[in-house]
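The structure under discussion is supplied below as structure tokens; questions concerning it will follow.
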Amino acid sequence: MINLAIFGAGRIGCVHAVNAATNPSIRLKYIVDPVASEGRAQLAAKTGAFVADADAVFADKTIAAVVIASSTDTHAELLDRASEAGHAIFCEKPISFDFATVAEVTEKVERSGVACMLGFQRRYDPNFRKVRDRIASGAAGRLEHIVMHSRDPAPPLRSYVERSGGMFRDQAIHDFDMARYLLGEEIVKVYAVGACLIDPEIGAAGDIDTAMVTLTSKSGRFAQMVNCRRAPFGYDQRLEALCSKEVLYVRNRPRDEVVIADVNGFAAAPPMNDFIERFAHAYSEEITAFVEMIETGKKPLADIRDGLEAQRLAEAAIVSMRSGQPVEVDPSWRP
Amino acid sequence: MINLAIFGAGRIGCVHAVNAATNPSIRLKYIVDPVASEGRAQLAAKTGAFVADADAVFADKTIAAVVIASSTDTHAELLDRASEAGHAIFCEKPISFDFATVAEVTEKVERSGVACMLGFQRRYDPNFRKVRDRIASGAAGRLEHIVMHSRDPAPPLRSYVERSGGMFRDQAIHDFDMARYLLGEEIVKVYAVGACLIDPEIGAAGDIDTAMVTLTSKSGRFAQMVNCRRAPFGYDQRLEALCSKEVLYVRNRPRDEVVIADVNGFAAAPPMNDFIERFAHAYSEEITAFVEMIETGKKPLADIRDGLEAQRLAEAAIVSMRSGQPVEVDPSWRP
Amino acid sequence: MINLAIFGAGRIGCVHAVNAATNPSIRLKYIVDPVASEGRAQLAAKTGAFVADADAVFADKTIAAVVIASSTDTHAELLDRASEAGHAIFCEKPISFDFATVAEVTEKVERSGVACMLGFQRRYDPNFRKVRDRIASGAAGRLEHIVMHSRDPAPPLRSYVERSGGMFRDQAIHDFDMARYLLGEEIVKVYAVGACLIDPEIGAAGDIDTAMVTLTSKSGRFAQMVNCRRAPFGYDQRLEALCSKEVLYVRNRPRDEVVIADVNGFAAAPPMNDFIERFAHAYSEEITAFVEMIETGKKPLADIRDGLEAQRLAEAAIVSMRSGQPVEVDPSWRP
Amino acid sequence: MINLAIFGAGRIGCVHAVNAATNPSIRLKYIVDPVASEGRAQLAAKTGAFVADADAVFADKTIAAVVIASSTDTHAELLDRASEAGHAIFCEKPISFDFATVAEVTEKVERSGVACMLGFQRRYDPNFRKVRDRIASGAAGRLEHIVMHSRDPAPPLRSYVERSGGMFRDQAIHDFDMARYLLGEEIVKVYAVGACLIDPEIGAAGDIDTAMVTLTSKSGRFAQMVNCRRAPFGYDQRLEALCSKEVLYVRNRPRDEVVIADVNGFAAAPPMNDFIERFAHAYSEEITAFVEMIETGKKPLADIRDGLEAQRLAEAAIVSMRSGQPVEVDPSWRP
């Protein structure tokens, strides 16, 4: 039985807590959240966990693993303390908005030798996974290029934008990760354009709401990304992988399978609008993989190094957008 | 070069005339239509054919073939005269609204030995044909049952209904034919229900606008038909063939490939609304097959006997609907 | 807090037990299953319920509600005892394979005044419900006819077939129910054909694997059903409701949203193959509705009378198939 | 009646000749092709036109219009002679592989005052046109960004590649044009990456087979292009326009509407593989528009200036790809 503490009782913290509480290998012992919210109390009641502070968690020698799902500004310190304590770690992305900190913490965690899994949940989604497996199996032939679309249903609140780290670090980071993951190699060149075309509030907060990115991989293959803070029909998360024998698509998952037809044609339901619902299965798979990593040493699909590398591309995209020039990246590149 | 006469300069007559006129093996010599319409004149001008009457056609010894696309009440006599004259015949369905006449003319034409092809254009449509070929190839396994939907975009005018022969003879006849064609055997039992649910004008004309039919084949397999004079989105012509290894579907062909997405979901275009456009390719293939039948003796996909047998099922459906009981049919059955 | 006992620890019993155990208004006190299986023990451990026998349940005066998900031959007696005990009841269909028993038990339960909900889970499925709501709202116009497809992924084992009550009572009963539900009135005429076309083992067990049914409602509208024990691609549960302004479709829910394209075209995933997964949401909604029925008196979407009426149609279909004639049904009709 | 000469009796020349010959306002008088092919002879026979050389055409004072569908190296001279002769012109793209020549000829033609329409047939395709009209109507809201996919079914022959002008001028030019057309303003910045990833023969010919392009418009909006010489399933021509109220998609048009379902899922037909078939309707609309331009002075959807501007973007993409840097373009930019 793995004694577990979860940091963060927000939306994603709740998802992980419920998945952990129903996992037969986990005993969810602590929930840590500085805000004494009703949600925190309900979550504790529902899962049978204690509400505690970080010091209590790190003082408890029975704790073997932590889930870090608190606000981004706390990740680095918690990663630090957890790796020192020798805990297995599952950390939500991003590690920090400051790339130097990301690099430093990654080094520390890796040196500590603890197992650390990063929350790139798309890697655990059955759709993206099926595409990855199909490529890995050789059935699709050689992957030649990738096109990805990530659009939010509606612009986030200005308050969210201001503490999000910006669209590249907050939203596009999943696409940077997926490009590396599917191509199976590092990206060496990033070109990005971006602008505030949709919501002036986002611009006032110093961020963009529309971006297009072109990535070139070490072996010379390409990935193209469209990122946007709005899609009129809802949450838009798609991928197209052109391989030599097949083209593989991840399409959106509709809310239901009802079609309504009239003189205007055939109207199918919009996609699931909420990442909590859209990726429910992926989040559940993450906890299963986390347990497996702890119990058997099996490598997770994404580790802290993947967090570092995806963020390096986000930083390069920011530099490219600001300078108007493509940016060449290598393992030593920093913004 | 085949010297051809076409009877009928209405919508379907025009389609055949244009297809015939552009066929390199055909010389379209005469257009026969008792109505001195502008359409008739334009068609003659466009195709270089003469406007003539039936007597002139049958007096011309150079004529080798006729297309009968005039009104249904003229079919029987024209079939009679054309078969006596030894012409190859392409006749639109139905042969007559009177089944005794249908049977009699079919016998005469067959005895005359002339080649006679019937206008069941769905057999020449690339979609229905692909399904038929897939079944014939064995790839789909054994055909076990069929479901067919035929719905018109909107109720026809009362004047059309009154001279249509009724929905079973006019519209459902294509489904009766397709059931026989795909099953590759005769139907031995017909059960039909029907009512006027949509347009009271149709009821006032003594006809129905909605029907459901269950067919049992000689070997005990089933086909189900839905027939309707209205589909809110347009012309609805679909088929589903359940086979032991595959299910084969003919879906509607949309008008275009534009999708419009908004908060209500994804709206795809309605199907092609007009049988002239929907079956344009099939009509063209019919003329090609007609030429091939004349030049090489190749059997057409549908002959006059197929017209007789499909209509027998239409007559049985009418009897079943009126009596409320299933009707057993065999080659000697008559209404 | 509602003290609940569940009868049956098979597949569907487990689903209800887990949903009940996580419902905040329910205390799942007893699990009753005569077979001392590992599943029963695990279910008890997982839900914190006691394993007990029926006598213990009915002796416990704190019990307020029962879920009857045991084998069909036990339903009638349990309905009887539970209604005598004044418990709220949620019973899986069918009530009994013997129609006289169904009718008798329905009378008893209704006389007893207990609230009794029947497990027609499709009524709680978001897709079928959306169609029902759309019709009820008037947006679709008047419902004119319905077409339903129910096909199992593969023929069941002969042992299952032998105790299933036959395809009409076991599988098609959901379609009989849906026809009544959507049309909002009773069916007055049933015509059914059926045969064993697919699996000789089913025929050897005295059952059929393929059926087609035509229903006529009191007001003269129609519903058509296709029922089959096999669909080559998996579980096939579809509906098409033609209304005066719209056509409403329930399509299958695919397993995933990956499309694989190659020279043969675009291959989309097969539908969810398992009713437990396909209707997971509906089963969860059923328990929510059961609690609501108990706590607020809100009528469930399906009650025991709906079970009786759907089964009457199944019995009529059997008589029709055997006699080769349509069967007229009214509230007094019995096989 | 417009007396017309067509230059070029290759595939696209034939399409235009047949469309022109069946247009009631056109008399197709001459077909000019230096190669004495069987195709040229058949085309002449089919359309009733004379085979002639260019001098004969320009000597004939009854000629009012020319279609230039000959090889690209002849376009500039023919445009020159035709504009001097005062003929209305319909010219296939590109005008020349040499940008200085394109610019020079464009100036000459414009100065001459003759009406000159350019063969960007996608503008006449009902799908792209529906998207354009939807945007123009305001129903979709403001266009914010565009994503385009253009993939050929299979790499062309090396001999074709060598005389094609390269992928940007030959294939991607349609996307450059569509970006300008939909955005309704000029592009001011072009970034392109490209490589030979698929067919080494293309690389040996000095060309690329895969490219990704990012365009920034004057007002700061974006368009993204994927161009490729192979798609495993066939001809891939799609567009996605994100607007503030709707997303508009042009999808591929499938060859047929048959779906084959088995245990692997649902296989829909691949798209029409051939641009002649895919754009058959667009080519026909072009000739109609050409006649309308001549008879009524109505501006065509694409004129020679559009040819110049699209090619400027193709040239900028080539420079960008070679330099690795984005290229800023304005009306005076030249490679």
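The first chain written gets the first letter, and so on, giving A, B, C and D; residue counts start at 1 in each chain.
Here, a contact is a pair of C-beta atoms (placed from the backbone, for glycine too) under 8 Å apart; a residue touches a chain by one contact, two chains touch by 3 or more.
Computed from a prediction, not measured in an experiment: that's the story for all the values here.
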Touching subunit A and also subunit D, the following chains: B, C
For subunit B placed onto subunit D, the superposition rotation in degrees, Cα atoms, nearest 5: 180
Of all other chains, the one whose Cα centre sits farthest from subunit C: D
For subunit A paired with subunit C, centre-to-centre distance based on mean C-alpha positions, whole Å: 40
Between subunit A and subunit B, centroid-to-centroid distance (C-alpha), Å: 58
Per-residue overlap in subunit C, given as positions that touch at least 2 other chains: 232-233, 245-247, 261-262
Subunit D contact footprint on subunit A (complex, rising order): 141, 144-145, 147, 149, 151, 189, 191, 193, 195, 197-198, 210, 212, 214, 216, 220-222, 224, 226, 228, 230-233, 242-247, 324-326
Residue numbers on subunit A that touch subunit C, as the complex places them: 126-127, 130-131, 134, 140, 245-253, 256-262
Complex interface listing, subunit D residues touching subunit C: 231-234, 254, 261-270
